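Order of writing sets the chain letters: A, B, C and D. Residues in each chain are counted from 1.
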């Protein structure tokens, strides 16, 4: 079992004819993902890796019954691509693009409140249900099928933690990178709620980082609503205030909100053990299972 | 009984210190309307006819429990005033202002879809429940209490028809001018639905005019959902296509949609008799009762 | 408020939409100078606000100087459905292989702007809409967000525009939407967009209707509106600030409130007369407005009789009566018979004030209209 | 990207927000010329991106020429929390009776811009937020609609701003919101807005933070950003396009992906070391990027040892290894010991390629960090 994606998911890749889109569409197909179409304005009628390309998402849905999109579109055009997928009433849109202006995302966020489509990202590695489907850029080979759910704001940190889990034989139900931007579609709570409802997820890893208050809110949610055990990790303990640590969202405010300590404290209060190292996170998960 | 307003309605007048606002606030109070506040930026602390003025609608609601507003604000600032009343979660906002740009009203219309506040107008004479409350500029003296509901796109035409009714002793439950603009808050159907649900409205007069398809839709609604008898009148039979007949919304399109004939036919199809003259409308109502 | 084709095309060109090379001409000589610069074939297009200009002979294509002179002479000064042609647009002929329709308008039912595209361009789009509605692709725009660029592409592809020009057409459509928003248009339309053999995309016609209610924040367009009146009476109404529409009958109509004035027109027709105009003096009119309104109607030589119908709400019957008296007392002889009906606020006071040597008075709308229709009949007999 | 006060004030002034008369000066002479023009009292304000400039001695008020000279000498060239002051803003002193705070920022929890107004201006607003949150009035803006003018008024009245200046303050706030939108700001703040005895309203400070991700469509602001670097390493990182943050420790850190690099910093700290920097080479880095990254870290004289931690997703271990070899082979002697850990895509290939004469290799993140910390300790001992 899994959350959000599985081998029935029918994927349209927005931006499939670009360098990144083409490469990762190929990787997704190789992983076994059901990539049914690409969508690139002006490229309708072409094929990429045997996948038909349409000019619009609308046509991809009409012709190929796509129900999810993955967006590899440069930042200047990415918000438009997200609007296109939201307005086409897909079940899921996964925006990989890094560097979308925050004010564009505020508009997208408003639109999200009006639609049933789930957005994951942007500025995220995507989502994978090992052995079934991969939507995004995660390296499929490090994942293995199992019962640990993983949700993270960071890409490579996710790989690190997954690697530690997989090495110990702790496979994953689904792993989601929710993205490192200040405004994102799917929050920790959204993912945790879905994992809690998934009968085949028996433990969850939540990798947070500095900036914002999502982790604190997630901690409260875990304390109040979750039976599935959660292990935590928070990156950015050594980050100085006022500096953007790579991710647009990874910034401790001048007044000291959004610190790693505040998030660690909140998680501990909710009974969530927080590892000092990725290895320790894997230790905690091992104890749960 | 009545719809939308009665003597419990607590009214804030936006623009109460302007010429029109001041005059009509006075008329409303004289009619017995429960005018509890005015709202004009920069005029907080003043009084008009003994009514306290606040700088914002928010304060008027906070301090005086206003639950409805009447808007007498010049066109350039009127949409902002409407947004202010919608965002303050009043039950009702009545926009009298004529000449609000249509694109401003399209934005207001979007906001309306997100709120529970009812908007009447703009470009309308307002609403009156005879003997209880008058929100707007209708001349109170021609109305009388009774069981005929009236809904109209036009102001003076409403007065004409009401005059014909009152002269025959046919009093009104509530009369609403929904406004002559292309985009308005309360439609014929909204008003008809409320009249149908009002136990003390035993007959309804609906005065339409050329332009748009509201009357056609209303006719279908009457045919399908109303037991209360409705008499109709449609102005603009002689209007040429492509010309704006005073009201921004009163225009027959070049292709011939929005004609009086189309509306009359639709009403007749729904069993609604349409008078050739205002007197004939009163005849029909008299027959109903 | 409808702009002239040449005004709209200037706006299009400034916004980067390709339009044919063109010159405005008010004389045959100017027209010939223009074709000399532009070359042949050249279209000579009457600049009047009349639908179906082409069919009515207001657009001709000249293939040489002789034809150009002949057509310019024919069209300049011609009467086109009641309007005199004062100027022509001389425009380079476009060698096209395909014609599209693109437009942006307000869908009042939805309360949203809508983009429209059809590959059946170059013909009356309203006929297309009626006979083959599927031939027009539509896309609504959420007015809070404005246009998302993908929407322009989507509607263009949906309409079946050829792939090799689709993105160019979408780009024009996006620009049209920007113009629609920025200029408070109620309607922008290009019919046809021409596709040339070289696959260039050119706006060959240009319709822009501006929301009159927004002119207060569109000063440049308000200036264009000034230039855009084509009728002295319309111009006068614009100056006075009246809602005025000229019709073809002989009963002049003045009233307050759009619905009531329309109803008065309808009753004139119902009782066998023919309305000459729609004239709404608006709410709260004082004596001066009344005088101006009568001046308007008397200036219209088609008018044989007048009905003046007021139902006072804000408008006060005594003010109206005062205005009527003032306006009529200046005449040695009243030019046309005026029937007055006053109801509502201060109607009785007004009736008392009215100088019944100058006007006829009726108590009901129906009676007033019937009397005016009779008065008009008497003049024409 | 934070603008300098003088840059932000120029933008404010262009938008019509009242700011005090001011001149930028980079020398004491220029500063004196400026005060001669402006008069006394005059504020001499260090133009560096440091919070609490005033408390740190970076802002002084001169009441005569002698003081002006003294303060300009003191401030120009001073070290302010690690940054050298290259320029001062010489600004007319404002005789104020009241100070307000106004700001616009993104509330990331709500995903909406928020207006903030407080009558407790002139002090650290973040302290106010913590100690007396009710002293700050807030109003969220729906990003699809943009600001409705009433919202600026509402939040100003709610904050309790004096009635006689409330509309002026609301007008400034509206303009700030327009700037916020038009310039893709992440934050705009004026603290304090000064109210003078004559009830004039003046923006006495100006903070503008621009969303770095939006600079592609803000060419003018991108130019200002160029001028705004205050550190050679930051400038270099900007040129290379790296996400880079300088810290105070001595272990240089290079990695891929923000979360993993932060984690590497945290582990350096956890194992008793002190990180010298955050440097993310991003996804899919090729050899050249790797070389540039090492150049960055080697250029930092505080760095005593380096850890290079890559978990390959898009980034390929063999490319990284190639880059490391290339970068290091040019040295006769490697300037600082480099510990490399490669995992993920093509990690094994990379490990084989790596020239282990030039670098130390570890298999796990934890081991690599511990070794680098030890290397750094050895240098400092």
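Operating definition for what follows: contacts are C-beta pairs under 8 Å (C-beta built on N, C-alpha and C of every residue); 3 or more make two chains touch, one makes a residue touch a chain.
Note that this is a predicted model, so its numbers are computed, not measured.
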item: Chains touching both subunit A and subunit D; value: C
item: B-D or B-C - the one linked by more C-beta pairs in contact; value: B-C
item: Between subunit B and subunit C, centroid-to-centroid distance (C-alpha), Å; value: 28
item: Chain centre separation (subunit A, subunit B; CA means) in Å; value: 50
item: CA centroid of subunit A to CA centroid of subunit C, Å; value: 55
item: Residues of subunit C touching at least two other chains; value: 142, 144-145
item: Subunit A: positions in contact with at least two other chains; value: 107, 110-111
item: Chain contact graph, described as a line, ring, star, complete graph or other shape; value: other
item: Each pair of chains that touches, named by its two labels; value: A-C, A-D, B-C, B-D, C-D
item: Subunit D-facing residues of subunit A, complex; value: 75-76, 99-103, 105-107, 109-111, 125, 137-139, 141-142, 152-160, 163, 180, 182-183, 207, 209-214, 233, 235-240, 242-250, 253-256, 260, 276-279
item: Touch list for subunit C against partner subunit D, complex; value: 142, 144-145
item: Touching residues (chain side subunit A, partner subunit C) in the complex; value: 41-42, 44-45, 55-59, 77, 80-81, 83-84, 87, 107, 110-111
item: Subunit B partner contacts - residues on subunit C that touch it in the complex; value: 51, 106, 108-109, 111-113, 126-127, 129-130, 142-144, 181, 184, 186, 211-214, 216-217, 243, 245, 247, 255-263, 265-270, 275, 278, 280, 283, 311-314, 343-345, 364-366
item: In the complex, subunit C residues that touch subunit A; value: 145, 148-151, 153-154, 157-158, 163, 166-167, 170
